[in-house]
Amino acid sequence: MARSMTSPALLLGYRLYVGAFFVFLAAPLFAAGIFAFNDSLFPALPWQGFTLDWFFNDTEPKLGMFHDRRLLSGLYYSFVIALLVSLLSVFVGTTNAFLFVRREFPFKNALYIVMIVPLVIPGVILGISILVFASNIANAVWDAWEVEISLLRPGIVLVVLGQFSFIATITSLVITARLRKFDTSLEEAALNLGASRARVLFTITLPFLRPAMIAAGIVAFLVSFENFNTTLFLVGSESPLTITMYDRMAKIGSTPVLNAVSFFLMVGSGLLALLSVVAQRPGQPD
Amino acid sequence: MSRDARRLSLILLFAPFALWILLLIALPHLGILALSMREKVAPRVYEFGFGNYAEFITEPIYWNTLLRTGSMSLLVTFLALIIGFPIAYYIAKIAGKRARGALFLMCLIPLWVSDLIRAFGWILLLRESGVISRSLQWMGLTQSGIEFLYNDAAVIVGLVYTVILFMIVPLVSTLDGMGDDMIEAGYNLGGNSLTVLRRIIVPYAMPGIVAGCIVVFMMTAGSYLTPILLGGKNSSWFTEQIYNQFISRFNWEGGAAFGVLLLLFTSGVVWIGLRLSGQSLANTVARS
Amino acid sequence: MTDQTTAAFDLDCEGVTKNFGTFRAVDGVSFSIPTGTFFSILGPSGCGKTTLMRMIAGFEEPSAGDIRIKGKSVLSVPPNKRNVKMVFQHLALFPMMDVHDNIAYGLRCAGVPKAEIGARVADVLERVALPDLARRQIHQLSGGQKQRIAIARCMALNPDVLLLDEPLGALDLKLREAMKIELKLLQHQFDTTFVYITHDQSEALVMSDYVAVMNAGRFEQIGRPEELYHAPATAFVAGFVGDSNRWSGTARGTEGETVHIETETGLALGGSPRGTAPIAAGTAVEVFVRPEFITVTRATEPAPEAANHHDGTIDSVLFNGANSRVLVRPPAGGLIEADVTLTGGTSDLRAGDAVRLSWDAAQTMVFAA
């Protein structure tokens, strides 16, 4: 272990630094979560006592998040969007993995770089470019045939496509990495034992990829759920949760119900993230 | 598989990739490029021209904002590297086996919380009526509340906080791949801590460092929520200008031009960074 | 090469050739394997033996030639329809299934009724002597158990031919020795034709009924292990199978059965011509003498009657129990290896001792280079 090289005093200092860093990491999350339980109209000190009102109370002024219709509908839309995005991204991530791991075609290396690029394009720009593109098509169709394609106007479909445009890169990278570890002699062995190509795919290759597909799906779900920048430009009347919360913050200012939502999301994401870690390491060696 | 079946399956595998890149990335970006070169001469009448770019150059507030965004993003990237590297090194090389996994997970947990919640947390800590200010008052260190929010320092703290995990994660995975024996050999051959760090550890971790820096820089320059919420009205972040053009002023042509400029600017910085460090996009970002 | 009266061949290859671009990996290989034999293909890595096996299994298509299983050409049969099963180099057991499901996999593909699958899996597990392992996960098995499960998985399907692609390569030495014997026993037990690919000559010699030595895409010789060892057809086989002292030299003339050689190191040897190419005075030759045919006597003691005598001093003694060996340096230079028996007594040979080496012309194999 490399730690044998450092003096004890230095190591202690190092440990303190690491400790301080984790305090820095935890502090704002802690602040965001803890005030959900403060019996006060403002998310601020002093501590007024413990309450669950910001979750369950059904009357103003302390309307709890589970009775706040706008927040609940935001939660619902976020959920729907995240689900669609993760399904779509895992599908495309899987086909991309097979494409780049198993096949040879011209410009393969260059196209692999192209696949990574969406991850480093600022989300705001993805948002406006897709907005402009969709609007141009919709306008062109209207000018030509007087047909309105509402799917191409800001709304759930555009939000899903906008988020998918960069989340697909994440799922592709995760699933590609797993497929690269696959020993193709397993497929040959299955063929040799008499399986058809389709059977090999469904009984050997996809089960091997499953942990990575689940993990990629969870990551996609979470990234979609928390996305703001891309969504901001594509959102229609069905606002997902981050947009609803932002509006609330901008219009009303911070209220403890936002802390309650934050707490709820942190716990939910934490559990999902844990699930993705568990999914990544089943009891089998790679 | 027969030749035809192979070709067909290649086409089927290629189709989702091609549709995704073409319809959601390539054409939309060409679209805003085209849009940015359109000038409005009368209602519903447009002409080709570089007027939107000319406006960017003649209006100092625009290019000042872009330069400010760029330089602050570089500063944030640098700070994230300086603060994050020791943490990544500790997780990968110094912590015990069990602590390593736990620490790595702890690093990841904030990753799954929205920007908005993170910024919200900082607001609750930093504002005049916030936790830090109140605590200082309570301890008697100050009489009136102190406003820590709405200045550049708050924006930088918030941004470093938001992006530092994207620095630590690739660093941990590259440092993890480096054998302890390599470090020990460095000492064994007579190097002191500084030379071992400079000659062995940092060069080895270079792909991870570059990957982290690229992602962090792009995320910072493209961020929107954190500067606005923590910097307040005068945060002057370039993405805010894009938003204003698009949504508030409904000037899509101008907003598109700004978008193109931001993209060119950030890609340029990344390109220079890759050149200076002798790395490529494929062996840095793609690996993490 | 068959000593059976019925001309029943499980596997025939005729002029099988495989080109990868301009590189010819397998070059016109022909052979027939009688039913129920253990047949090895022995060759250095890169000699084309894996390509040949992959063509038999159907993963590669021959550029020319024909492959027949039980007399029927299988060239147009896809790999999943051939009744040739294969044990892969790293076994390729499915890690996401347990032992039972691994063995049942092929049966399910073949559409065997559910009720019958259980019985057949249990039966084959019984035959590889691992009846209790059905519900084990693959990663819980030892190396030897994995080996047997990989064979059981194939044998459950009653293949016409079982191909084994260096399956012992990943095992450690001790286990490899044990598995050699075990594989031979399993082959008897299943009474199926095994085609075994290896680069390890001791594996091939110990287990096989017949061995084909392959080099640079061609078969150099097919024969029983002892034929290959004692009557190699080519210089390559002589050098590749078993240990030998090897010299390059020139033929100086022939005298009856004996050909007189002068090696490049200056030794004069009498040997017996081997191989098909004629050897006359002036022919460049390769000479091989196996260490066990060289008798070592102290210079002070009488040496046995033999065509070749060479004096020298012992350079070093390589002790290995009954298989000990001495390296002797003749005055002309170079080293000659000879097997000796060391008893541990005071009369044992030591480095520096003056000795005389003797061997017969018949044991000196001379090939035209």
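Note that the chains take the letters A, B and C in the order they are written out, and that residue 1 is the start of every chain.
Methods note: contacts are C-beta pairs under 8 Å (C-beta built on N, C-alpha and C of every residue); 3 or more make two chains touch, one makes a residue touch a chain.
What you see is a predicted model, and the numbers here were worked out from it, not measured in a lab.
> List every chain that touches both subunit B and subunit C.
A
> From subunit B, which chain is the farthest off, judged by mean CA positions?
C
> Pick out whichever of the two, A-C or A-B, is joined by more C-beta pairs in contact.
Top pair by contacting C-beta pairs is A-B.
> Going by CA means, which chain is nearest the middle of everything shown?
Ranked by how close its C-alpha centre lies to the overall one, first comes A.
> Could you put a whole-Å number on the gap between the CA centroids of subunit B and subunit C?
Centre-to-centre distance between subunit B and subunit C: 60 Å.
> For subunit A and subunit B, let me know how many angstrom lie between their CA-based centres, rounded off.
For subunit A versus subunit B, the centre distance works out to 16 Å.
> Could you please state the distance in Å, as a whole number, between where the Cα atoms of subunit A are centred and where those of subunit C are centred?
57
> So which stretches of subunit A touch two or more other chains?
Correct list: 197.
> Going through subunit C residue by residue, note those that touch at least 2 other chains and give them in order.
Residues of subunit C touching two or more partner chains: there are none.
> Could you check subunit B for residues that touch two or more other chains and list them?
Residue numbers touching two or more other chains: none in subunit B.
> Which subunit C residues qualify as touching subunit A in the complex?
57, 59, 79-81, 84-86, 88-90, 92-96, 105-106, 109-110, 137-139, 153-154, 157
> Could you list, by residue number, the parts of subunit A that touch subunit C in their complex?
183, 185-186, 188-197, 199, 203-204, 207-208, 283-285
> Considering the complex alone, what residue numbers of subunit B touch subunit A?
Subunit B reaches subunit A through residues 1, 10, 12-14, 16-17, 20-21, 23-25, 27-29, 31-32, 35, 83, 86-87, 90, 93-94, 103, 105-118, 120-125, 129-131, 134-135, 138, 161, 180, 183-184, 187, 193, 214-215, 218-219, 221-225, 229, 239, 242-243, 246-247, 252, 255-256, 259, 262-263, 266, 270, 281-282, 285-286.
> Looking at the complex, which residues from subunit A come into contact with subunit B?
1-3, 5-6, 11, 14, 17-18, 21-22, 24-25, 27-32, 35, 42-46, 91-92, 95-96, 98-99, 103, 105, 109, 111-126, 128-133, 136, 161-162, 164-165, 168, 173, 197, 222, 225-229, 232-233, 242, 245-246, 249, 254, 258-259, 262, 265-266, 269-270, 272-273, 277
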